[in-house]
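Here subunit A shows up in two complexes: once beside subunit B, once beside subunit C.
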Partner chain A sequence: MSTVAAGFERARGIVPRPRGVWGFVLRRVLLGLLTLFLVSIVVFAATQTLPGDAARAFLGRNATPESLATLRKQLHLNEPVVSQYLHWLGGIFRGDLGNSLTGSQQPVTSVIGARIENSGVLMLIAAVISVPLSIALGAIAARRRDGVFDHTTSIVLLALAALPEFVTAILLVVLLGTSLFHFLPPVSLIPPGGHPWNYPKELVLPVIALVFAVTPYIARIMRASMIEVLESDYVEMARLKGLREQTVLWRHALPNGIAPAIQVIALNLAYLAGGIVVVEFVFAYPGIGRAFVGAVHNRDLPTVQALGILIAAAYVFLNVAADVATILVSPRLRTSLK
Partner chain B sequence: MREDELDRIDEEARQRGISREELLKRAAVAGLALAGSGGLAQIARAGIAATPKRGGQFRVGVAGGSSSDIIDGQDIVTNPDQARLMAGFETLVGFDKNFKLKFNGLAEELSPNKKGDVWTIRVRHGIEFHNGKTLGAEDVIYSLHRLIDPKLKLFGGAALSSVNPHGMKKLDKRTVRLHLKHPDATILDALGQYVAGIVPVGYSPHAIGKAKPNVGTGPYKLKSFTPGQQSVHVRNPNYWRHGQPYFDGVVIIDFPDDTARVNALLGGQVDAITNIPPAQVGIVNGRSGRKVLESPTAQWTPLCMRVDTAPFNDARVRKAMRLIADRPQMVKQALSGHGHVGNDMYAPFDTAYDHALPQRHQDIAQAKSLLKAAGQTHLTVDLQSTNGALGMNEGAQVFAQQARAAGVKVNVKILDSGTFYGAQYLKWPFSTDFWGTRNYLSQVAAGSIPTSPYNETHWPDAADRKFLTLYREALRTINRKKRYEIEHEMMKLEYDHGGYIIWGFSNFLDGYNTKLRGLVPGWKGVMQLNNFGSGFRTFWFG
Partner chain C sequence: MTPPVLEVVGLRVEVEGRGDDIVDDISFAIGAGEVLGLVGESGSGKSTVGLALLGHTRRGARITGGEVRVEGRDILGLSPAGLRGLRGKTVSYVPQDPASALNPALRIRTQLEEVLETHAFGDSRAARAARMREMLEEVLLPSDDGFLRRYPHQLSGGQQQRVGLAMAFACRPRVIVLDEPTTGLDVTTQAHVLSTVRDLCSAHGVAALYVSHDLAVVATLADRVAVMYAGRIVENGPERVLFRAAAHPYTRRLVEAIPEMSGRHALEGIAGTAPRPGQRADGCFFAPRCTYAVEACTIELPPLEQSGEGHFVRCVRHAEISALGVSERRPAPELPEPDTATTLVSVRGLDAWHGDRQFLFGIDLSVLPRQCVALVGESGSGKTTLARCIAGLHRDFKGELALYGKPLAAGARARSRDDRRRLQYIFQSPYSSLNPRKTIAQIVSQPLGLFFDLDHRETHERVVATLERVRLNPSAMTRYPHELSGGERQRVAIARALAAEPTLLVCDEITSALDVSVQAAIIDLIAELQREMKLGLLFVTHNLALIRTIAEEVAVMNAGRIVERGKVEDVLASPQDAYTKALLADTPSMELALAAGA
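What follows is the complex of A and B.
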């Protein structure tokens, strides 16, 4: 036991360990890459190597010996598993995700390229609205703890958190699109080649649905952490010094209260990458979510694998970013790295 | 005009080598009292009642669709592919709203010799493809070659197995002589199926980037296409049918999700949709300006018993299973009542269909005694199914409940489609499946003889040559009356001893905005929305 520990100590001595904030960032990025590598193994194993013939699953009723043989060759199914995996992994680094099995067999990158833009815009707008909104809601609720505002937001946010996003999405459609009012399009038909920002009306309902999905969690954690901060000594001190309450809240309390919320924000934004599947399906929004559902339905392996790794990459990226942001906003953690 | 009159006119037209319309026109000009029942007046009235208007962009939401969408004049993969094919491509002959063959397509003549093994095809004069090429004999020959090319495995090829690839001869610019491998009375059905589109010489939709445009002779030209999303079509200015089509353009949008599709119709983002879930029919009909179009089909989701495998190799067991089914209840529960009761016989739209076969009813007592005689009093069977079409899983589950009354335990196994259509497909002793609308002999070729690509029941019994002999005889019999007699004999064999439990036929439930005109209720179509308005040329905005 002690020899092992000593070995680590020696190794640390030999390999200069990057220190400071940048060292920390570097380590997190490397860990993130390791995670992605492991995820790629899982994605590959879950799609291509599980029992059952991937080629037969895709062809279904149309399977003939010739078409099976062609497809197995295209997917390298006749090679050993490890070489199949390396082939696929190598392709990712070359920007070659293989060809979609369906229709005109276009490269996966061109099939999902426009979809990524559409989903990215949707997520970005949802994030830009929901993050400041939930931070503000949480901070104000903490400040007016047990007041009318606090209770009202608590109940509303709890209710929203309890509803799955497809339920809120359908309620929104019924309310604003089809039954009660008719001023918003119930489905988001963005024609191919069109950019989502040119169709603002079509974006409203999906954005609201996504904002409703993530705001409650962030706001609630924000409220809890702000309550703690507002009761701390230094806030008391600031108040005693006679600072305006607004200044105390936004300038002094918020930066410390936000640190725990950053992790939750990152998790929720990452959740957006997955939750978007459901919302896009309800609104027929042409993004990666619908592409993912369609690809799984068609057993279009290369597309499923590409989107799986893409969504995993979004998760990893957001988590790394959250770790780094947490360090940067909390002076205590920042200095401890020195 | 009554159906038999139309038949008579068609028959006469064929003998004279002209189309029915032309014969009617000539008759009208000559002042002949051809339509004694006032049929012409009726046609004239219908024409006055609805004067189509030009213009507008028609947007239709079609169920299904994904990145596997294709556009091909002779092939489909998904449901929206059918709509896109109809917009751009046409066949030599077609089917009318009663699913009767009509000489209303690209061929002005399609007639057999006495024996039925040599057919003469002459296409109409002056029809142009979208790229300006004039339709000629060489295009027909190319299209037929492409359809039966075993390498391409096109959807419409199976029905044309009698076509001899070396037996096509160009007689003149517009005429082809077609030598068949054997006489074939079903060749008109096969050429009339929507996937037998006529394409220009050299056609190949998958040749991306090459100078081979995706063109047909249809009412709309293709402007853009993104698989899994939508396609845009514009009016073909040189279309050969006078005055048609009426829209400036058509947008065909994929809608895999039922809720989104219905919402798009309610919200006014599309003008029509296909496949309204039965539960939402009331919602659509209850909205002002929206309506549901219900059309009968000959689509069926049978329960298939393998006639060569225990316990179903005993004809008594098969009959008992058929007597277990309470068909009206199955239609009511599995199809929410939007369908018609079946009688263990397919092809109800075929004029050859034998309506004299007594309707089979549930008879638990007789089923029990048959099972007892077969020594299967406590029969337990697995029934494999998958979510392939509305009615497959639902029908299986309702049947399993009904079987309990006869002491039969049916274990419904719902598999994912990869497993269902995997190595065991067509080998399951007891399974569900689904079939589209076909005429009797075409369906026999597709599913009821040993050479059929999808014979789930392994019918007919290997020892019994009678059914096959009758089938070959029917194919050779060009005379309709004689052929129907043979077909009735075949139907009787299947009705008495076959392996299908055909409990019902589902209806198409489509939705439309009431500003859309030209829709015909009760159209016996192969596809939704009146066969997609025969390529969106019969609809217009009022």
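What follows is the complex of A and C.
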């Protein structure tokens, strides 16, 4: 046995392994933090390899060598890569993501702060609508398997899944915003400093586009898992006990049907965090998606890095939450942790 | 005579849309406190009948005719709400597999409470809680809060089935349907559950329908027995009459297929298969497989005729056949004399682990050439682990293992090609041991390609010869496993093992997934192969009656140790170990049941 492995063997004996549900949650959170740490290295390395020099990109072709040198110093570009990374990482923990390289040189936090709020509201509304909607659609389709409802939802959802979200978004604009009807604003003009919840009409189309992007997947997995559950012996037994159909569905079938869908829900919500870029672009919605596109365009490295980490953090958080939720709805898994 | 609690008249269940009958012309009655055993092989429609008593059918089936009268009221005409009020309250159901019939996400308390709640049993929550605890005590389960807080997976199989019983008896039903409730349980657990069922039914005057494929279990429990074949009741009568002097040829063949511990009977299978819904021709459905069939049998389905006091038979020759009396059982052919000059396989001081847990402790065992050694014990006793160690499928063990006196490596990969060829393993379930994507010819020729240098023609000839050996028609070669019946699939698995020309066959519960008549045919085949091919057999089973027919020596396992070893006759006649005695006492036996009642 190698010495490293022997060391692990020893460590396993000495360090008590946290047990139970909370031990599991703790382990998952620690693993999530480790993932984020690795992501931060990748994000940093990726932005380092972007062609061109940030200082020159910012100051333009006519910059004097002196001003370039000053800016490089200010951005710590002269230091070794590792110390640049550590400086940046330390900044994250202090809530200092550096200054934006665009015009006003505001702190990144204040540049993207409002954008995060806008996108967050958009995502939250989309999630709050699409998750229960898709669970309900899937469950009802499973309950009325091979019926009209099942076939209709199945065709519509397949069609939605097949269309990329920018196509659905443009169709929505054409249908409800510009050519056919004029109910809703085709672009979401939320002025800087305004809160999105004060502009409900501006939110409708982007939310619908996101709901359309996410619902088909969750609904389909939900349908499949509910069909399996509805055919199970315990659901038949529940009916043979004389329980009302509602009790059978809500108490016996749904909790067991949701468990396999949770991972898919988490993946789709995480996808929202990235997919939002395209939808925001179509509607010119002032969220992180547009901020991201703009920052890459302007070589605004601190902003790109900050947003990269943010989206990665959303993925990690949602996956950890999904693992914990799966454990919580499956007693067999929960008790096996004890 | 009091009117029966349950009366079924002319019940018919069809395949939805096609109109083919799954079961038809089903009529019987059960009185208060009476247990009717409904026996039949898989696909005979016995579970369909059981579920119809609750007005329920599985997906794709529909009740289209007849009446199910509970205390005089036909329940088939009830509205959905009326049926809900009936189910679990007046007619209740105990499922086959308690592990899958209890909801894994709900605590035992919730699952028990909801039956009482939904039927508004008692006046208050407190009354229902009291009833729940009373029920748990009646089925001999703990009734404390700690137990009620548990989830199904935290209970043993026997406890799960007791929860099922508590649920079924909770609202004091008039009729109870038990659908093979002990199939997955060990004999000891089964014996306890059966005695609980019997006590509860007689104490509360419940009319019980006990659905089962196991005639020995039915014999120990039922007052009357109805035998189903291809969706019809072919015979219905008092238990003693039916098992002693059956008047239907099918019943007689079923009885002859049951292994008994008292003597070495030949087990005789029934050739052919039962016709499925939609393939049932005119005439008696059993006629094509019946040795008593005459021309009249093929013209129309015989009606259920009275043959004696409370005894009904669906056979044109029932008078002659019942006059035959108790069927004479042929003695089994002599077992081959083992070759004592060498030892085929020997195991000494074997300890085995699964992870950190030790499962086998100091096992000593040997099999001689041409000898059949049975390994018996309950689930978890370690018998399969031992078989897998010998076959090289489980490597985590310490101890000596030798083949013809030469040490045998742990794990099949570490063994020589010849060692691997000599030891062949047949798995429990033929439904999962055959690759569904390969034809039968490909499956059987696989070991030929591994162990022998044969050209295409020779391989083909060997496959044909091997299939004929296991009495399969070579026309099966181009078919896939799912096109075959369970018995045929197990024959393919045996053929695959034989193709390697082994000297030891390890048979791991090879008949436990099969019907009794199919089991009889497989056992008959294995015994014949052993005689003709001079094979050594390690026969793993939980069925003590089976070893009487096939094995020469037996090793009884309990909790990872061999507690008793000896000649089969000696061990069965005078067991020495307390565990063996308990196991024998708990094994349901038709003969004992009949003797006790006589």
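Note that in this section the second predicted complex is superposed on the first by the 310 of 338 C-alpha atoms of A that agree within 3 Å, B and C clash if a C-alpha of one lies under 4 Å from a C-alpha of the other, contacts with A are read in each partner's own complex, and residues count from 1 in each chain.
We take it that a contact is a pair of C-beta atoms (placed from the backbone, for glycine too) under 8 Å apart; a residue touches a chain by one contact, two chains touch by 3 or more.
Keep in mind that what you see is a predicted model, and the values were worked out from it rather than measured.
In the overlay built on the shared chain, the residue A:170 is in contact with subunit B alone; subunit C does not reach it.
In the superposed model, A:214 makes contact with neither subunit B nor subunit C.
Looking at the shared chain after the overlay, A:244 reaches subunit C, while subunit B stays out of its contact range. Looking at the superposition, the partner that touches the larger set of subunit A residues, subunit B or subunit C, turns out to be B.
Touch criterion met: A:282 reaches subunit B, while subunit C stays clear of it. Contacts of A:255 after superposition: subunit C is touched, whereas subunit B is not reached. Residue contacts after overlaying the shared chain place A:332 against subunit C, while subunit B stays out of touching range.
By the touch criterion defined above, A:298 reaches subunit B but does not reach subunit C. When the shared chain is aligned, no partner comes close enough to touch A:306: not subunit B, not subunit C.
Interface residues of subunit B facing subunit A in the complex, by the touch rule stated above, are 66-70, 77, 153, 206, 208, 224, 226-230, 253, 255-257, 259-261, 263-264, 266-269, 417-419, 421-423, 425, 454. Across the complex, subunit C meets subunit A through its residues 51, 54, 56, 58-59, 83-89, 92-93, 95-97, 100-107, 110, 114-115, 118-119, 151, 153-154, 167.
Of all residues in subunit A, only 52-53, 56-58, 60-64, 67, 100, 102-104, 111, 170, 173, 177-179, 182, 185-187, 189, 191-193, 281-284, 286, 290-291, 293-295, 297-300, 303 touch subunit B in the complex they form. Of all residues in subunit A, only 231-234, 236-244, 247, 251-252, 255-256, 329-332, 335 touch subunit C in the complex they form.
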